[in-house]
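In the two complexes that follow, chain A is the common piece, with chain B as its partner first and chain C second.
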Partner chain A sequence: MIRSWNALEPHLGFLLEGFALTVAACVLAVAGAVVLGALIASLRTARSRAARTVAAVYCDLFRNVPFIVQLFFFFYGLPELGIYIGAFETGVLAMSIAGGAFVADVIRAGILSIEQGVIEAARVFGLSRWQIFSRIVMPNALRVSVRPMGSVLINLVLTSSILSTITVNELTGTAKIVAATTFMPFEVYAVLLVLYAALTYTLSLAVTGVHRRLNRGMPEAVA
Partner chain B sequence: MRYADFTPYDLVLLAQGLGVTLGLFAATTLIGLALGAALTVLHYYRVPVIGHVVVAVTELLKNSPVLVQLFLVFFGMPAFFQVNMTPVTAALLTVSLNTAAFAFVIFRSGVEAVERDQIEAARVFGHSRWQILRRIISPQAAAFSVGPLIGLLVNQLQVTSLISVIGVADLTKIGNILNLRTLEPFVVWSVIGLTYYLCAKALAALGGRLERHLRRSVVWQGL
Partner chain C sequence: MIEINNVEKRFGSAEVLKRINLKVEPGEVVTILGSSGSGKSTLIRCINGLEALSGGAIRVDGHDVSTSAGLAAARRRSATVFQLFNLYPHMTVLRNVTLAPIQVLGQPRAEAEAQARALIDLVGLTEHADAYPQRLSGGQRQRVGICRALAMQPRYLLLDEVTSALDPEMTGEVLAILARLAAEGTTMVFVTHEIEFARRISDRIVFLEAGELIVDMPTEAFFSEEGGLAVPRIRKFLSKMTKD
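Entry: the complex of A and B
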């Protein structure tokens, strides 16, 4: 075991670079997924039937096709359309789109959980439709959906490992290289497993913190 | 002569890939659910140390990327334990364990959802712990778990696409081969994606029927 650690030590910097890339991809993709998810969720609860249908099809499609297939679709397909972006950008794009479908479902449930009376009261006070949406509906929906969104985002972080299949050298990609050069795949991947678990655990702690902060002063849910 | 165009034989390839995907999915589901149920029984009997170990290991499996688990088994285990590992064995082992970890959590909450009163009543009637598990808890826990289990299995079907990365010729791998030969990413990945989509929908429909069948005696009386 001591031998293993000594052999891995020179590669720690390289692994750390990969870790930084994973974090960067995750931060960008999480932001993208939440923005896109909020947009799709508001479309899914819109008045227009067409908007609802489009949003529902989007969610259904991207939730039921494996992420790796979506990733290959974008990675090999976009250059065909004359769009030349790097592998990292493609990966972040695919993660945002796939994550957006899951986040949309969560936020939609949050929107539907708002009591009709609250919206009616806002209407009686003379708030415009946009004001009701941005001041009443969205803040409440986001507050309710923080916790379920957390598990979606944790899944997104785990999904980021798949970017290694399109030549992005994030944590899994660098680990592959280190495993090949040191020929200690078991040790490298075991460390990786624990690292990812630590990363998602930290994220879940952060989600709990945000949930507490947004729900301060709220009575505890009974169910 | 370049074999760049689609040929009728590609359909045979596609069918083979689909067969591998579905076969592996069926096998890992059976093993995973059986193992998950066995772990739940272990947990139910509160075996001293093993219960905690099971919880810790399943948490680690749930919170790390399946891709890394695959690499650990396929590249790591042969190097560390000097065993032979074919891609199919590695895929079977990894995906089964992963399914088991998630199924364990679902079954456990199903067991915990059974009311204490029923168990106490059964104990008063002189049933043994095994009889209570067999006659009282497991039928109800099965009915509680079937909904979340269907969601899990639809997800696990998509997880099987990752085994293409270690060289199993499943649907995604066939897509990769066709993509590189024909250079038609849109056609290839759309067909592959659609096939996965239809499988997921069929699975969900099948699960819905099973759920209705299992819950036919449970009348939802409102909150």
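Entry: the complex of A and C
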């Protein structure tokens, strides 16, 4: 057992490179998913019927198709449309779009939970629609939705392993290679397990931190 | 001056307000009485533009609330205090009070905060300036609601059943502040069920019944035998309301 761990040592650098790529993809995709999700959620609760329809179709479409299918669709489809971006960029894009659909749903629930009277007060005091959205609606919606959003984002991180199927040598991709060359799949995937767990745990700590910050002054039962 | 001319409001087939005419001059305290569902709150919500009119017109210092520019101008001249407070739950008391002065009136933050602290002192919440609304009692929240309205330096204060969600002790806290504002000459449109209090602070009493304005009288006349009490509906209303 000890010997086999030692045999893995020369490959650790390569695995960590893969991990770095996973972290980069996840950081970008989480940011992309949150921004896109907030945007789609605001469209879903907009006055315009057309905006609501577009947003609803977006959510239904990307939540109901397997991620790997979406990923292949972008990876092979974008070049057909004359859009040439790298595999990594394609992966981040696909993750942002798929994650955004789930994030939008969670934020929308948060928006719908806001008491109408609070928004009416802001209107009566003369705040513009943008001011109401950015200073009243979003902070309150996020306060309620940041926890469920955490689950969605953790899932997104786990989904990043699928990027290995489009030639992105992120953590899972490098692991496959190392496992194949060393014939030590157990040890390799044990390392993988630790690294993914570290990544998602860090994310969940961050989510808890944001949740606390947004819920200052709320009764404990809610916070 | 707030001018309400032939205002009608329908929700579907229900006529909530029927050809209402009312004028409120600067410096006046006008109380709107009437049983629940008579349209009092709807009238306030028409003045501050939360409900679109089905007919007629409302002007606040000449600004027609049915146009968007007019409504924006009208909203700068009036401020509303709500029955259920409607404070911004994610902001401290101080931020609740300063939000609109900074964002809408463009006051510098330091100036807005100094003014807000003065108002918060005035209503006896000095130690709670940095607390969040959820930590406060109902009476304290409503006092914040009043500060938030006053911070806009409104010409007209619209009060929509501001004590209906409060117990008698908290009601007392809030009414004491309103009495002081009335004495200082603040113009108020006051929707309430607090009849004795209304009698003390109002210049005029308006009575709504099923969406119709049936009486508009100086306070003294409203409570006299030959005035308001001569109207059977009002006599019945007052005897019921003052019994308990």
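Keep in mind that, in the parts below, the second predicted complex is superposed on the first by the 221 of 223 C-alpha atoms of A that agree within 3 Å, B and C clash if a C-alpha of one lies under 4 Å from a C-alpha of the other, contacts with A are read in each partner's own complex, and residues count from 1 in each chain.
To be clear about the criterion, a residue touches a chain if its C-beta (ideal position, glycine included) is under 8 Å from a C-beta of that chain, and two chains touch if they have at least 3 such contacts.
Just so it is clear, the model here is predicted, and its values are computed rather than measured.
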- Once the two structures are overlaid on chain A, check if chain B and chain C clash or fit side by side. fit
- Task: Would you please give the vertex angle at the Cα centre of chain A, with arms pointing to the Cα centres of chain B and chain C, as a multiple of 10°?
- Result: 110
- Touched chain A residues, chain B compared with chain C: B
- Query: Now for A:F125: first (chain B), second (chain C), both, or neither, which partner does it touch?
  - Reply: second
- Could you say whether A:R216 touches chain B, chain C, both of them, or neither, answering first, second, both or neither? second
- Message: With both complexes overlaid on chain A, does A:L12 touch chain B (first), chain C (second), both or neither?
- Response: neither
- Task: May I ask you to decide whether A:I83 touches chain B, chain C, both, or neither, giving the answer as first, second, both or neither?
- Result: neither
- Message: According to the stated criteria, A:T200 is in contact with first (chain B), second (chain C), both, or neither; which is it?
- Response: first
- Message: In the overlaid three-chain picture, which partner chain does A:A179 touch, first (chain B) or second (chain C), both, or neither?
- Response: first
- Query: Which partner does A:F73 contact after superposing on A: first (chain B), second (chain C), both, neither?
  - Reply: first
- Note on the structure: Least Cα-Cα separation in the three-chain superposition, chain B to chain C, whole Å, stands at 20
- Mind pulling up the chain C residues that touch chain A in the complex? 48-50, 72, 75-76, 79-80, 82, 84, 86-90, 92, 99-100, 103-104, 131-135, 148, 152
- Task: Name, in rising order, each residue of chain B that touches chain A in their complex.
- Result: 59-60, 63-69, 71-72, 75-77, 79-81, 154, 158-159, 161-162, 164-165, 172, 175-176, 179, 185-186, 189-190, 192-193, 196-197, 200-201
- Note on the structure: Counting only contacts in the complex, chain A reaches chain C at residues 115, 117-118, 120-127, 131, 135-136, 139-140, 143, 214, 216-219
- Item | Of chain A, residues touching chain B in the complex | 61, 64-70, 72-73, 76-77, 80, 154, 158-162, 164-165, 172, 175-176, 179, 183-190, 192-194, 196-197, 200-201
